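Sending over a structure as structure tokens; questions will come in a sec.
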Amino acid sequence: MGKDRLAAFSDGVIAIIITIMVLELKVPHGAGWNALAGVFPNFTSYVLSFIYLAIYWNNHHHLLHTVARVSGLILWANSFLLFCLSLVPVATAWMGENPLAPVPTAVYGAVLLMPAIAYYLLQKAIVRKQGAHSLLASALGADIKGKISPVLYAAAVVLAFVSPWLSILIYVLVAVMWLIPDRRIENALRES
Amino acid sequence: MGKDRLAAFSDGVIAIIITIMVLELKVPHGAGWNALAGVFPNFTSYVLSFIYLAIYWNNHHHLLHTVARVSGLILWANSFLLFCLSLVPVATAWMGENPLAPVPTAVYGAVLLMPAIAYYLLQKAIVRKQGAHSLLASALGADIKGKISPVLYAAAVVLAFVSPWLSILIYVLVAVMWLIPDRRIENALRES
Amino acid sequence: MGKDRLAAFSDGVIAIIITIMVLELKVPHGAGWNALAGVFPNFTSYVLSFIYLAIYWNNHHHLLHTVARVSGLILWANSFLLFCLSLVPVATAWMGENPLAPVPTAVYGAVLLMPAIAYYLLQKAIVRKQGAHSLLASALGADIKGKISPVLYAAAVVLAFVSPWLSILIYVLVAVMWLIPDRRIENALRES
Amino acid sequence: MGKDRLAAFSDGVIAIIITIMVLELKVPHGAGWNALAGVFPNFTSYVLSFIYLAIYWNNHHHLLHTVARVSGLILWANSFLLFCLSLVPVATAWMGENPLAPVPTAVYGAVLLMPAIAYYLLQKAIVRKQGAHSLLASALGADIKGKISPVLYAAAVVLAFVSPWLSILIYVLVAVMWLIPDRRIENALRES
């Protein structure tokens, strides 16, 4: 299997996930400002998840650039990542409909934690296929962001039962951290 | 990142937005002419938004033609444009369910204003990457349509609280203005 | 604009329309055979519309094969076709929820009539760009199927108020007529 | 018709089916653990169907690799497969909302049986076009998995009225059996 079709299928699935999420943005009940204000928590959850999915799309694109041949392991790690990302819309809608409720806020963190782990496994599968001295292995280096994010998500899951605000602050901070584009792979590609 | 994948991803997202919008066209309640007439406002909003999204798809296609290399800025300006466009279905449905109500009519205008601004920023990001003497910069020229549209949308947002009919007239007029294909980029490409 | 991107965008939109139509197949209320039987009319409408959309996809694919350069007219005729096809899911659901009711059965026919007209206009736009002696013009020849279908749909719309069964019979017959693949274009391509 | 466009259209449809299935994962009613637990059966059905669709995507990809030219028969066998797969989301949702109810569990099995038969017909159509000594014919060999799966699905449909647990066990076992990648085609391709 060539990586082109894997990339095209993954792009398609991520494009659909990012777009159908808007279907969870329910039409306000009523025609006034109050009705609009009522969907504000849903809207902010939607913005946050849109940014996360756009980050995953962008980084996943860079990641697949480093793949030469797709193994069965890479294929299933990629499918697992897509599965995890597919849970984002429903978790977003649940948190949006129950603003600052502990369980939905914690579950949202768990649903962010899952693709982070899947992405890590996908990186491992690619490096395993390429060898420890591969382009990706050297591009990743210590991979601080990739290692700190799951820890922060896990912390946010626990903190949701103390203060949901704190969890949401963590989700926003991790998104901001990733918004700064990942130049490691680009640099390694340029140097190679 | 090559522009081909950016174009393919953007096409995919716009194709999905334009198509899932039809899911907001609710099935009429009942089996008679009255039931059908009841969804008429939804239908006309749908027609208007379909035309807007088709215009964006077409112009966005021409715009990406002028891009040689995708910068991080272009990538995020493009993501912001897709985000703004993704709000069109829910705004369309809200206006369709509350025909001629001031707030939904104004919000629809605001949701048209947002991608207009995002499109302007994307043009800026492309010109910045290419330099002021670039193909796109000269193709745009004074860019009368691009500059007058946001002003008209903003006017329509305010006018919705005076007369929603006037706002809707403006939305239709701007769509008609854009339906005339934008030959500036095509001409500049032909001359270059 | 190259025809490749037009074909890819059209394919994407038709793929989404054909797939989201299944979202109108509501989950049965209850867990027994009765609940399943209750969605039978929806299911048969779905089957019929799936076949129609698959036929359009297939024929549209052949049609675009004959296009060399995309004009503005072709672009908008194609967008109009996609718009008409996008109405099929909601018309299908309405007919499915009101089996054998005259108005939904007639509206379904009208929604089949619209893309037939749009397809005819798209053919005209392509022939106009290519000239009367073009590949497509000779491939179409008398175009019996293309001319008889709109007449049959129009008849079915009227007959729905006499006997909805008769209209549905016509919809099925036209689908069967088109299921036999259109070899005219294939043959003309082979001979050229 | 080239196989590339057939593969792209099929990929698109499967990507959309696998993704819109998540729309059937309803947002929990309420904000507590109980609400979350209430969607657990839906979630497990979703996981199972996601795995099935990912397996079909993967195997379908390998299958199309062996196609040189697309015949009308292949085209319609492929459309029938996509139709059968499009029924998976609604069957998944019905089984998820009525955990361990006999009829939904049996219908789910029937909906798994249908694409298995369609896949078999598609293989037959490809071999027929290629001849009995074709790459695919030799790659398939005895095709134990392809022949045993429909039998197991049919058994599960009947057993659902005795013990739904048993049926679900069969669905899981067949999925696990297919998760082991199908190396026959890969091997035959390598040897050719």
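Read from first to last, the chains carry the letters A, B, C and D; within each, the first residue is number 1.
Everything below uses one rule, namely that a contact is a pair of C-beta atoms (placed from the backbone, for glycine too) under 8 Å apart; a residue touches a chain by one contact, two chains touch by 3 or more.
Predicted model only: the values in this text are computed from it and were never measured.
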**Asked** When chain B meets its copy chain C, do both sides use mostly the same residue numbers (more than half shared) or mostly different ones?
**Response** different
**Message:** Can you report the angle of the rotation that maps chain A onto chain D, using C-alpha atoms only, to the nearest 5 degrees?
**Reply:** 90
**Complete:** Distance in whole angstrom between the CA centres of chain C and chain D is 27
**Message:** Can you compute the centre-to-centre distance for chain A and chain C, using the mean CA position of each chain? Integer Å is fine.
**Reply:** 38
**Message:** If a residue has to touch 2 or more other chains to count, which residues of chain B qualify?
**Reply:** 8, 12, 16, 20, 23
**Complete:** Each pair of chains that touches is included here, namely A-B, A-D, B-C, C-D
**Asked** Across the complex, what residues on chain D touch chain A?
**Response** 7-8, 11-12, 15-16, 18-20, 22-23, 25-28, 30-33, 35-36, 47, 50, 54, 57-58, 61-62, 179, 181
**Complex contact set, residues of chain C against chain B** = 1, 5, 8-9, 12-13, 16-17, 20, 23-24, 72, 75-76, 79, 82-83, 86-87, 89-90, 93-94, 97-98, 101-104, 107
